[in-house]
Structures are given as structure tokens and as C-alpha cells.
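One structure is given below, represented as C-alpha cells, and several questions about it will come after.
As written, the chains take the letters A, B, C, D and E, and residue 1 is the first residue of each chain.
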């Protein structure tokens, strides 16, 4: 109900924009990858743009997309999964407007791991093996599929095992119930430190991948003024994030300016220890720009694997104009 | 006001067979008359009482009140199983009928207490049925029936669950109460002594199908029937009835 | 005969009312029809609530490709074993709890405190202990079945007339025989009520159970299409579960009538 | 007196055994102790099964920061409303189903076919229908409570002695009064059995319910720490749920004793 | 073999109060003797029978068999509530005790049939209890008790749930059976006529606390006690007993 109210207000204030601030509900997870949004809220970037941003915490990714498409929240921020494409194909419009984390060469994020005493050393050897992922149609599913394609394998050549939780993935790896799993940071570090797993392939080294994004409900996207202002604040936050944690010196990551502040903000919002957070900072475009190209690749891949019901036109779901306009100002 | 039972018949249709429980039953209960139904087990006594009480439809015939003067006549039943509401205490049980008639609070209080006193249960108003002995439960059941001051009181073996001594004492008491209220009554029993002790008229039913074998008027004063001087006449009636049903009773025992 | 008459009629006829056989089909078809109409009138977008006809079309297709049966059999196997396990354990433990006051005092609080623990929260632990094969799936279903059965069996035992136990003891029955020959048959009616409740629960839990590394199964199928937001196919799974629930219930009713001819 | 004697002793003493009050605490403390020992011996890595002492330490800390109570109250509110809603609806519909044969014939198959539908599978649909506020959470809990209550109420009604209904009708009760004054109190014992079962279910479903955009709540807390793999804090939530289950059960038992003084 | 009841006392301790149900009970049942316990409701008859039957512990005193020659004596009880297992048919109910004694299949078959015939239930072997009338149920209960050929037969108001006519007929039959088996028997009843009709000795209990008021030997031939020529003696015994318990009975009625 509060979601609906928000949209109404947003609609109103576009005509009388001065005094009243737009109320925007952001559906997101309490995970590090939501960092720019935390920063935006915490440092008041949204408020500067006269946007009253409210966090709506979810415990799983898919409901965020559903809630955004259904208009319960104006903005969703989470992984880009097959369900999102299917929803669009099924007539529920929503638009992806900005980057919220991607796989990038040189930055550790997601990787394929095998048990430390496994004989498997490279991706080719995964043929016929069991690989643990979270859910079908998830980003994990996609990454496994795409990575093995680089080695001449297809999804038909391996057995994909959905385990529905990260912890399930780790436990299955530890007890060697699967031959390999896909994991993200900080869990990779934790596995490697505990010594029961080793990395055989970094996803970022294999493919560029727009893992997650920020999307707008159709109604919010139509309220162009507020949408642009929102993205202005968002871009400011991504820059803040990038400069703090993603700066490199001589090819190595070094703490940037405000490093500790950003880590503290993330720790506050996710109830996690700062040390753990430091290991799991995902790559993000400094301006929050989407890898528009990759969206098309994703759609094609999902369609090829029959994980999307009907083919969709990428243009329907990607909107880069809003961000460009925001960046222009 | 009298109650007429006209041509009543009842056939139960099971998945397997048809049982004609009652056939061709005709009689009337006059105002202030105490009619007792006796008969061997399974002859249809309860069936007939249920039909008169509006708890079962007859297959044929009908039962009606005559001379009601437009007033909606009311009935009360005292059940063999007593059927007190376990979740109501004695007082709440006794006034159930009054509550449902929409009596005023004061009326409920007064009449309830009156009939509880009448059956000798004062002091037990707050007790729940399970805290009472069998005899006390049945007193409460009787008080519940009396409290609505019914135009016809139906009683289906009210004392058969009681022990021998309690039963004797309760019969005496019922007679005392009845002499005060003089309600038209239809009473079912197995017990021939009980029938002779209480009835103005005894209707003897036979089995398979249940028909009226004989209607016997008990020509004795209503009080003191168990006294020594009435002994002979009492035994005469008892033997007459026992002769009428002995054969049926033996058969019934083996059929279940 | 000119006097006014007040006929006495049967006032409890409603207790004996006979209902035609078709009535039980009426409700469900009515519901389906209503649903179809709502969809046809486009009151709800098909993504949110696909029409029964659309679901049937997809179901037909899934039958044709063999997908449905493959999943069905995988699930039936799990439900079968899990249900049997949970039911047997529930009945045995319920009987013991009901029979022995000591075990009752000690174990009942444990049962009631384990019952509200959500299995989904413990999925990783279950994987740790039981792996990702059939074991954890069967265990989750068995756990779900266990609780209603044990609770009902326990009440059933408590309702067995003590006079029957006394009779058995008088005739020399050992404690084991008292349980087997008196308490078990005496609590069967309540046990069946528990079994019926558990039938629904076991199907309900298929989805949770098949969250663990299931390649096949109705739960896995529902999750798969749920993850992909292909709602029509998701609803095929959901309707299949509800059909199974109905059949399961009827089957238990039939078994009850068979096993309790003395009722 | 030199003759051999065979004394007759009481062979059903076990039926009247009295159990000391402390027995009920025994089982649970024993279990916790065993658990602690297993953890101390390092049989299971603490990430997967933290020791009770570790859990308690964390719980204490969470109490101190107020985190625990904040979550507890948010959840209690949901469980309270959902439970009340589901229970009232379950009782009312159960009474109607048991009383009217027509409704029974039509609605019962619907109840049994909706029961096995897993709510988790429908999460996306529930969000679309009910949004992300309190409504969908309360609805999920209410649904979980509704089914055991309606099924038990129904059996309870069927077990009410028909003679009591006949007695009520004889004394002029309308159908509504028969339901209110006879059938309802008569089926209360069975209704309470259903309410106890539903108490566990309502807590169980907190986790599913709070998957939907819950800012606070025990279920959300369990999910959150599960996602972050902070197992000790996850177990604080799990133990809290089980403690609540036990308390809930005791509370209902107390209420039953209050409401049914005639038992 | 005789059964001795020595100094038995029983006190029930409730949360609220202590009830002394039995005090100072001393008597013995000789071999082949039929002892009947009578007394008003609540005097402790069932309590005493349960103690003798090993279904309750006495607070004080003890009950023992004498002269058993090392053999483990066995007991059988016929309950007022009949207590047939509803899920077993008549045959299965009758042979329950035999089964538990570990009798062979053939023995079970033969003895079962023998006692079913003895109580006149042949043809009903496959019937379930709920398909039987009250009288037939109690016959099955009696057959179940007889089939184990007990050293002591205990009967707690076995016929009190039956209707008047069935009761009369069952009493006759019990006597016939007893004359054939001559089992030592302890029989509880409310019904004074029944006591005089069946007993070798009648033990009259008084109430509050239950103590033995008197033990009356019935000096009449075991058969034909209801015949015309024994009438006077029968009534003498009946009146003697009624006088002993009348006062207690009236009290009991009002206490519940």
C-alpha cells in the first residue's frame, strides 16, 4: 500500500516540483552490492535531489523484480535474472536504467571453485560433472553457462545442481557432493582460507557480464523529472563508491579516499563485519553506466537455452537515456 | 388440548434391507393424561416417541395437537441419555429452554430456581453435569423439561441408566412432581412395574412390525399403588403386560 | 375435525439431509469456471493469474514432452518414502508418548519446541548432515509428516477408553501387547485424521524439499518456473499438487473405511 | 499360614503413575547439554552448528542492542494478527461445513485441494496481489493457520453427540443457536487440538512470510543471517522460534483449561 | 484354592480432600463359592472389586490366593461397561484371553467356539460389537471371561446396562452356566433381587467409609429360587438387605 502512495506523490510533484519531495521506495537486499544506494541514502545524495528515498528490504532477489513490475516499489536494485526477462515478455514492463555491479576483468567477484584436492584444473575438465548453482535462471546459471561455452562446452555437457542458497553451495563443495560450484566474494576468500576449495576460473576473466542493475517501475520511469534526479544522485553515489574502493595503483587495488567511511556505511546497512566486507566489493561502472550490449547477449543466451518463454527486444527493457540525461546535467 | 397420533407408520430403508419399525399406530393423549408405552427391545418405542417429538418424520400418517386455540404448542423431552449440555452448569442447563423462548432475565432466574428446587437440586446450581451422579443428572434433565411448561412432556426411559435403588426413589419423586404439574405425558419404559406404577393408560407394542397390541387402562388411584392393599391389583396388571410381551422379549434377546 | 390442528413436523430433518453425488464436483468446477471468466474478462493480467484453459494447454504440452510425468514420478517416490517414514515414526512415537507418562513428560516439550523450527532456515545444515541426494529431501517430507501424525496419535491414545486397557491387562496382556492390540487400534480414527492432515503437508513440503539439488520433481519444476517467472507452467505444477492432494485424501479415506470396518 | 500364598498386585499401576514436575524440563535441558558437548568435542564445525553457549552469548548481545526485541515484536504482531484471522476463519468455516451437508459437499473438496498448494511457490503471485506491506505476510500466516483449524473443527463438529443437537432443537433453538450454543462448545476440544497444531505452523511460516520485504522480524532476521552465513545469530532466531512455539503451546493449554472447566 | 481379602482399606487422595472408600474389609471366597457384594451407590463396591482384580492398589491390607500349589492363578473380569474391543469381532473378543495365554491355534478355535455356544452366540462369531444388542454384548463379555477358565471370576454389575426383560433372562442364563462351571465368583450388584437370586453369600457394604455391614448366607437351593414355594424366604432375604441399605441409598442419591 505504501508503494502505491509513493507513486501518486511522485506523479503529483512532477507538476509542482519545487517544494514537495518525491518519495521513492527502493527494493533491495542487505548485501554489499547495494552499496551505492546505501551511500546515497546515508550521505544524503538523494535528499539533495529532493528525493525521499526509503529502503525496502527483501530477502530474495526475485520478489524485488516482481514488486517493481507490480508497482509496489518504484525502484528495484538486484541481480538481472531470467525471471526479469520473462516478466517483461509476459507484459509486465520495467526498465533497467543503471549498473549495480558487474563481472570485470581484474576484479575478483565470482568464480568457479572445485574442492582443493580435486583433480580438475581447468574448465574443460568439467565435462560431465556436477556444478552447483543457486537457482535455475539465476545469474549463477548464466555465468556457468557462458564460461563453459568459452571452452567449447554447453549446458548439456554438465549437470547443473540448484542448491538454493550460498551456504548450501559451500557445504556441498566442502563435502564434495558436487564437483564444482560457482561462488562470489567474500565467500571465495573464506573458502580458500579455510582450505577446502580452490579457484579454477574467474568469471570476470572469461566474460564481461552485467550481473545486476537498477530498474524502474514503468510509472516511475514515466515521471522523467524525478527519474533523472534519482539517477543523478545515484551516479554521484557510484562515483563515491568507485573512488573509495575500486581505485587501482599499479594494477593492484588500493584503498581510495573515504575508504573507511564507505566500508562503515556498508557494514552498518548489512550488519556485517568490516573485514568481511572488504573482501567482497563488487566492480561497478564509475558513472553507473550499463553494459547495454551485454543485455542483448544475455537475452539471446537465455532464449537459446529455452529459459525465456518468448524472445524480447532489448530496447523494451533497457533505458540508457535517463542516465545519460542525468549525467549531462 | 389433546395430541392425536393418526395412522403413523415408519419404515427404515437401509442400503441392505427395509425395516418396518411402526405400522398403523393410532391413539390420542388426553389433556393431563399420563400414557406409558411398553414393549420389548426394538419394537419401535423410541421411534414413535421421536416422531411425536418432531425429531423424525413418519413414513406415513401424522401427529397433531387439537384444540390449541392458535397458540403454538410446545414440547419438552427427557432423554434416556439425559443429554445435558456438558459445558453448562445445572442452572444453565435447566434454563436452556427458557432462554430459547426469549424469556426475560427475571423470569429465567425465578423459574429456573423454582424447578431446580422442585427436583431437589438446590445447592447444585453451579455444578457441571460430570460432577453429578446419574440420578442427579436425570433430575436436572427433568427440571429442564418442566421449566418450559410444555403442552406435552415426552420421556424416553428416563431412569433406565440409574441403579435399582435410585430408580425406585426417582419414580416416587416423578409421581409427586407430576401430581403438582399434571402435564400431558408420553412415557417410554421397559420396566413393567414402572409402567403400572405411573400410567393412566399403558400402550403395549409388539415387534416386527411395531403395532399396538393392546391399550390397558390402569384403574387404580394415582398415589399409593405400591402399598400393600393394592398389591394384588398391581400384580394382576403386571402379569397381564408381561404375558403380552414375554414371547417378543425372548426373541428380541437373540436378534440384537 | 373442524377444530384447529397443529401438526408436528420433523425439526431435525437437516441432520439427515442427503446430498447428491455430483455436489462434490460442483464446487471445484464452479471455482475453475469463475477463475476462467475472471481471466477472460482480463481483470487480472495473465502473468499474475493465468487462465485454467491456458494452464491446461501448457499441461498438455508438458505431458506430450514427457516432462510432467518424469517430474511426477520423481516426486511421488520422495513423497511416498518420506510420508511412510514420517507416518510410521509418528505413529510409533505417538503411541509411546501416549502410553508412558515418563516419555510423555520428557519428550513432548521437545516435540513442541522442534515443531516450529522452519526447515527452510536449516537447509544448509540439512545438506551438511544428509548430503544432496534423496536423503535430505525425504527427511524434510518425513519431518513435516511426523509432527501432525505424532500429535494426533498422542491425542488418540489419550482418548482410548482406559477400561479397554484394564480389560487387556486383566486377560494377561504384556505392555507391548496392550500397545499393539488395544492402544493402536483404539487410536486409529485419530491417527487417520493426522494422516490426512499430513498428506497435505507432505505435498506442501515438496517445494522446500526439492530446493536441495533436485533436477526433477514437481517441487523443482515449480521452483524452476517460479524462478523464471513463467507463471502458466508454474501453475501447472501447483494444480498438479492440489490434484494430488485431493487424490491422496480420497485414498486415505478409502483405506480408513477398509481398515476400520467396525466403525 | 504355612500354605503358599499368591498375592494379587496392581497390574495397571502404570496408568496412574505420577511424574514429577521437573521431568518436562529434563528432556530439553538434556538435549541442550548433549548439543553443547557435541560442539565442545568439535565433532561439527561451529559454522554449521554453533554451541548453545555461543548462541546464548550472541543472544545476550542482541538483547542488549535491542535488536532481538525489535524483531520479536514485529513478528509477534504478524503472527498475532495472522493467527487470529486464520483461527477465526477456520473455526467459522469449519462449523459451517460440519453443520450444513451442502456446504460440506461443495466446499470440502476445495479446502482439500487448496491445502497442498505451497505458499512459497506463490510468493511472486502473492506480491502481485497483495503488495509488500503487512498484508501478504499476515495472509501467508493466516492461510497456514486456517487449514489445520478448519479440518479439526470439522471433525470436532462431526463428533458432537447428535442427541445434544436434538435436545437443543426440541427446546426451540434456531439453527444459528444450535451452532453457537451446542456445536461450537461441543467441538471446542478438537478445535483446541487444531489451534495447537496451527500455533507451530504459524511460527514455521514466519520465515516464508518475511521473505517479502520485511524490515524487521524473526523470520527476516533468520533469513538475513542465513544469507550472510552468520550461523550463530541465525540459530538465535531458530531457538527463539522454538521457545515461542513452546510458550504458545503452553498458553493455549492454559486457555483450554480456562475455557473448558467442564472437561 | 481360596481367595482371602485381608484388612483391605483404600483412601483416595484428591487435590481437595481425602475420601476413605474402604476400611477394614476382611472376607474370603471359598472354592466354588458365589459371593455377591451389594451396597448403595458409592459405597466402594467397584473399588473393592478392582483391588481384588489387580486393577488398583489397596492403601492397606492385601489380597491373596491360598492353596495354589505353585500354579500361577488367573483372573477374569466381566465389566459393567462390557469393555469388548470394538475392533474385534465376537470370536476374536472371546478368544482374547486365550491368545494372551499363548494357547495353540487349535485350542483357541475349540475353546472359543465352545464358550460362544455356551452363551448362545453361535452364528454371531463374525459380528462386531456395535452390531450387537446390549444383551448379546454382555454374553460375549461373559464368554471372554469364561474362556480363560479363571480361578476367580469377577463381575461388576454385568447386567445393569440391560433393559428389564433382558436382565431377567440373562440372570437365569448366568445361573445355568455357573452350575456347569462352578467358578469361584465375586459379583457386584445394586439389585437386591439379583443378589438373593444368585448368591451363596451376600456381603452388604455400608457407606462412608465402606465397611462390611453384614454377611448373609443365602440358605436356599441354587435353582428355583424364584419359584412360588421359595417366595416367602426370598422376600425375607430381600427385605433384610433392603432394610440394611435403604438409609444409605437415600443419602447417596443426594450426594452424587
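Methods note: a residue touches a chain if its C-beta (ideal position, glycine included) is under 8 Å from a C-beta of that chain, and two chains touch if they have at least 3 such contacts.
Small disclaimer: the values here were computed from a predicted structure and weren't measured.
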Contact pairs, highest-scoring chain pair: C-D
CA centroid of subunit B to CA centroid of subunit E, Å: 32
Where subunit B and subunit D are represented by their mean Cα positions, the distance between them in whole Å: 47
Interface hub residues of subunit A, defined as touching at least two other chains: 62, 66, 83, 165, 167, 170-171
Set of subunit B residues in contact with two or more other chains: 53-55, 75
Numbers and ranges of subunit D residues touching at least 2 other chains: 11-12, 48, 123-124, 128, 166, 169-170, 223, 226
Which pairs of chains touch, using the document's own definition: A-C, A-D, B-C, B-D, B-E, C-D, C-E, D-E
For the subunit C and subunit D complex, residues of the former touching the latter: 11-12, 14-15, 17-19, 23-28, 30-31, 48-49, 100-102, 104-110, 112-122, 124-125, 128, 147-148, 151-152, 155, 162, 165-166, 169-170, 175, 193, 196-197, 199-201, 203-208, 219, 222-223, 226, 229, 231, 234, 237-238, 241-246, 248-249
In the complex with subunit C, residue positions of subunit A that touch it: 62, 65-66, 81-84, 86-87, 90-92, 132, 135-138, 159, 161-165, 167-168, 170-172, 175, 177-178, 307-309
Residue numbers on subunit B that touch subunit D, as the complex places them: 53-55, 74-77, 79, 81, 83, 85-89, 96-97, 100-101, 128-130, 144, 148
Subunit D-touching residues of subunit E, taken from the complex the two chains share: 51-57, 62-70, 72-73, 75
Interface residues, subunit D side, partner subunit B - complex: 161, 163-164, 166-173, 177, 181-182, 185-186, 188, 260-262
